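By written order: A, B, C and D. Residues from 1 in each chain.
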Amino acid sequence: MKLKIGIIGFGRIGKIHYNNIAQQIEDAQVLLLADVNQDGLPQEVTLTDVDSLIDSPDIDAVVICSPTDTHADYVERCARAGKHVFCEKPLDLSLDRIEKTLAVLEETDIKLMLGFNRRFDPNFLKLRSLVQDGKVGDLQIVKITSRDPGPPPLTYLQSSGGMFLDMSIHDFDMARYMMGKRVVQVYAEASTLTGGDVEVAGDIDTAVITLRFEDGALAVIDNSRKAIYGYDQRMEVFGSKGMAKVENNAPDTHLYYGKNMVEASLPLNFFMDRYTDSYLAEMRAFVRACIDDTPVPVGAVDGKEAAKIAVAAIRSVRERKPVQID
Amino acid sequence: MKLKIGIIGFGRIGKIHYNNIAQQIEDAQVLLLADVNQDGLPQEVTLTDVDSLIDSPDIDAVVICSPTDTHADYVERCARAGKHVFCEKPLDLSLDRIEKTLAVLEETDIKLMLGFNRRFDPNFLKLRSLVQDGKVGDLQIVKITSRDPGPPPLTYLQSSGGMFLDMSIHDFDMARYMMGKRVVQVYAEASTLTGGDVEVAGDIDTAVITLRFEDGALAVIDNSRKAIYGYDQRMEVFGSKGMAKVENNAPDTHLYYGKNMVEASLPLNFFMDRYTDSYLAEMRAFVRACIDDTPVPVGAVDGKEAAKIAVAAIRSVRERKPVQID
Amino acid sequence: MKLKIGIIGFGRIGKIHYNNIAQQIEDAQVLLLADVNQDGLPQEVTLTDVDSLIDSPDIDAVVICSPTDTHADYVERCARAGKHVFCEKPLDLSLDRIEKTLAVLEETDIKLMLGFNRRFDPNFLKLRSLVQDGKVGDLQIVKITSRDPGPPPLTYLQSSGGMFLDMSIHDFDMARYMMGKRVVQVYAEASTLTGGDVEVAGDIDTAVITLRFEDGALAVIDNSRKAIYGYDQRMEVFGSKGMAKVENNAPDTHLYYGKNMVEASLPLNFFMDRYTDSYLAEMRAFVRACIDDTPVPVGAVDGKEAAKIAVAAIRSVRERKPVQID
Amino acid sequence: MKLKIGIIGFGRIGKIHYNNIAQQIEDAQVLLLADVNQDGLPQEVTLTDVDSLIDSPDIDAVVICSPTDTHADYVERCARAGKHVFCEKPLDLSLDRIEKTLAVLEETDIKLMLGFNRRFDPNFLKLRSLVQDGKVGDLQIVKITSRDPGPPPLTYLQSSGGMFLDMSIHDFDMARYMMGKRVVQVYAEASTLTGGDVEVAGDIDTAVITLRFEDGALAVIDNSRKAIYGYDQRMEVFGSKGMAKVENNAPDTHLYYGKNMVEASLPLNFFMDRYTDSYLAEMRAFVRACIDDTPVPVGAVDGKEAAKIAVAAIRSVRERKPVQID
């Protein structure tokens, strides 16, 4: 059996999912595509509008890659139409809206998987497996460094919900994923230090966020919108039996020894190069769960919990105090 | 325009080339396949016999992935049929036979590219570009470590022409490629230390080979058929202005700090994982050269020169002395 | 001229300073020693009591390595006796007491240098010089990981003033040193997760502390009293022009590739091995400043500022909120 | 008991040994010094001439740091005077002369230890211990990279016996030490590529030497007199159960991530910085062997064997063929 898929939104991330399914996932195929912009769409696929796509009896599942403010609506419509959904993060910028969508989902049997692709990155998977194998012991500190090479365009910034909901939300999900425990408190310290569009948008670009878990374990995330040396994605887990960390990936392993210094290559700079494997692996996992009727590895609740942390972080910065969760 | 390709031989390496062309090279497509074993062949492609494939007017180029002893014959037949050829290394185990094939090729306009895929590996490409950018200065020493995780099966060993023609030939090509100079002398020291099939086959499994270049620069290659920790592929270039080296690639970057030691992942163990990028890049380069009618980056002469070094190394071990080239 | 020195306290750290001066600092010599325990004292030196040592006309400077609760008193007595002082950190556990000592010092010309030895570590010095050379640009985030291999004995814990004043104070000084800016706010999240003596002492063993600087730059420190893999001392500085980080030091550089994994040596485990160079360098700096009558590189104000951060961190944990400085 | 030592020759290496004994080896002391140049000698020690030093009843052992052409003579005189000897390498440039000295030594009970200090380097010791613990299994390949930052002065070059006897001899000793087997054949390929004084002296500056051991195991050494990036000292051992390697040591562990590349510190550039620990450790080992009357860890036979390899390497280059040992 092949899973028949429709994709809504054929921008940067939509193309990644399309190519992965078309070229490398044998038990799935893309039949329908909906996008306002009709240029450069693949000829093998039928173009249609969102309504027709969601309601089409030809497809089993929908991959939602449209702008964030459409996510919740489309998910609900897919759910009502009996289509499984893979939706890019975040589900919505409002916790209330997310709750409403979850309520809709609960009345159906469809699967919703969220695009927290980093859970499928080989580096982070390795850390996770070390934790699960008990090699780290009881987790005490998780450290995440997550820095972008540069801020997104102003228009994107203005509708992004701010750095915590747009960018740090990946890290909040990661911290939860690694710890496997409940977050009870969030404290966020943030600044706007790089100027430019971020300042114009009234957003922050630099932050340190401390998460406290139910058993007293701590996670700390440091974020920047602008790392001049590229995309910086590292993690460390520390516990009673050891510590494990992963570094960035580079395009090659060279070391050059010159007259004055040793040189090496910068990390892979573009999120699509850095996380190539993870995008393929998450889509494979989604397809498999739909076909085998097993639970998806990243569900709607994960989206809600990450969003709760992001919202608490926003409040923490605004009120300059730690914020309790629940 | 799309380059129409036929593939002869659909074993391990034939499948790599097929998948790369079918999934990732947009300006080429595989139309015909020939293989004695008809199981597991892709349905999108027409199966045929070698003769029909080579003579088919539907294809522009042939990718030869059949056993070594068929290479020279198939290349010559392709040449006479006016088909461009991508042929796995080595062209043949006999220098005379290689010369004969080169003579046939010279009477035609077809392109022959040899599968020295390692030239297209990102690590080695980086070394090469550092050399070409002058950062290493005048090259004085090239060091290549090339060790397999384990020997091939006995039947393969017995028809392989021995370690130098089968395995080290990649390294001989690499040394030439990095140095960009003529090899004038070869000295090889070899042993059989790992026992098993290699010993049964009367082959060697451990060697250190020193190449002397026309200007006195030196290359040194160390080979083993059996590195218990996996596939070991490293290189270093040393010159008047600096040194550069590349390490193995690993599946992840993790470091685990336990009670007694720091642990990390072993190198990628399988040549197809280690050299994934290089197989795609070499085929892209072949397709591009055919379409644009530009020279192929690895030609028949490269195959002959590498084979000459291998044959000299065999003689050096047998006669226990350095052997001059030309 | 040789600087004549008396040492008060001949425990672990007193012995380090003694050996460094006696063996490796040519323009200084130790003439007097005072310690309650008279065993194992070097024969080349005259033993005396603290009062006589401080008042002795034979010495120019005093190195104070006695318990923390004697520091302020001895420093004041040395100041009144006209002796320069090198004092181990902290100056005192009470900010009021520190202020009082500073007032005494201000009435004299003597130099007081505090033993923040990590400022003299080659790794951290390199980070500092990269910052000062402008290679990091405007500093935005400083990250310090500082974990001990295990907690000190219970009696020590009980009189240590707690983890922030005893252990993290080094990191607070480092953050100030790297940033070169004023700390305006401290938020500390802490837990007791390792049990044992730390729990008995009512202390914490795990913490994440966020410092906010006057211009919005952030520093984050993570501490643990018990890292099973050893002494973990790393730092990272991130700014508008780049990032720089230093790793732990290991006793050797070996990598072992075995059948199942790559292994390396754990970091140097003992603070005296890890910081050997820094202890010598700080004492050289003190001796030089005394002889040349130049300012000491780490003064009383540095001790006060670090202590202020520690006290604020204690309050932050207790009151569960960020605490302003000044 | 303290071992009473006289030192002959107070140049660069003599000063290292003097300082190590005076400052850090508690069970030894230097009483006498002999050097033609009397400037800058330490005042704590009595200056004398070589004859008086060797014959002085006040000393138990002599450390010989004078020019190579005096070594054999002084060793013999010390032996006859009943003094233990620590002698810098090489014992002599002539195998015959070395044999003669060995014969003299055999008639006495004195200990002769040779200054192959690299055996005491923490990196190489770690490799050796991995080999001895069986983690590498049966050794099959040893690889040594040994490159100097620049050639010595012309006068030194002219009396050095050539690169193999002066510089590579350390590596020959190392290969023997790691392998723990007998060398049966040497093949050396060498060039003069860096010009300057080396060319004037008629010496070589670049070499690759292959050693064959009695069981077919191989060692390969690559040497250069001029590595522009500094002192390059690496080693690798490969066997049936694994591989281990050690890298260079650097003054710090920093990595700087800038706009265009990652930078790190060059290796420690000066042999005295690189091998500081090894000089102290070898002298401790000598003192201990003298006091405890146990065998020295590096004896006269080791000097002879390394010299035999060097002489064979010289012949191999001259005659362009492999040379058998014994």
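Convention: a residue touches a chain if its C-beta (ideal position, glycine included) is under 8 Å from a C-beta of that chain, and two chains touch if they have at least 3 such contacts.
It should be emphasised that the depicted structure is a prediction, and the values quoted were computed from it without experimental measurement.
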{"item": "Chain whose Cα centroid lies at the greatest distance from that of chain A", "value": "D"}
{"item": "Angle of the C-alpha superposing rotation, chain A to chain B, to the nearest 5 degrees", "value": "180"}
{"item": "Which of B-C and C-D has more C-beta pairs touching across its chains", "value": "C-D"}
{"item": "Whole-Å separation of chain centres (CA-atom averages), chain C against chain D", "value": "40"}
{"item": "Chain centre separation in whole Å, for chain C relative to chain B (CA means)", "value": "57"}
{"item": "Residues of chain C touching at least two other chains", "value": "227-229, 232, 241-243, 255, 257-259, 265"}
{"item": "Footprint of chain A on chain B - complex, ascending", "value": "23-24, 122-123, 125-127, 130, 135, 241-249, 251-259, 265"}
{"item": "Chain B partner contacts - residues on chain C that touch it in the complex", "value": "227-230, 232, 250, 255, 257-267"}
{"item": "Contact footprint of chain B on chain D as seen in their complex", "value": "137-138, 140-141, 143, 145, 147, 185, 187, 189, 191-194, 206-208, 210, 212, 215-218, 220, 222, 224, 226-229, 232, 238, 240-243, 320-322"}
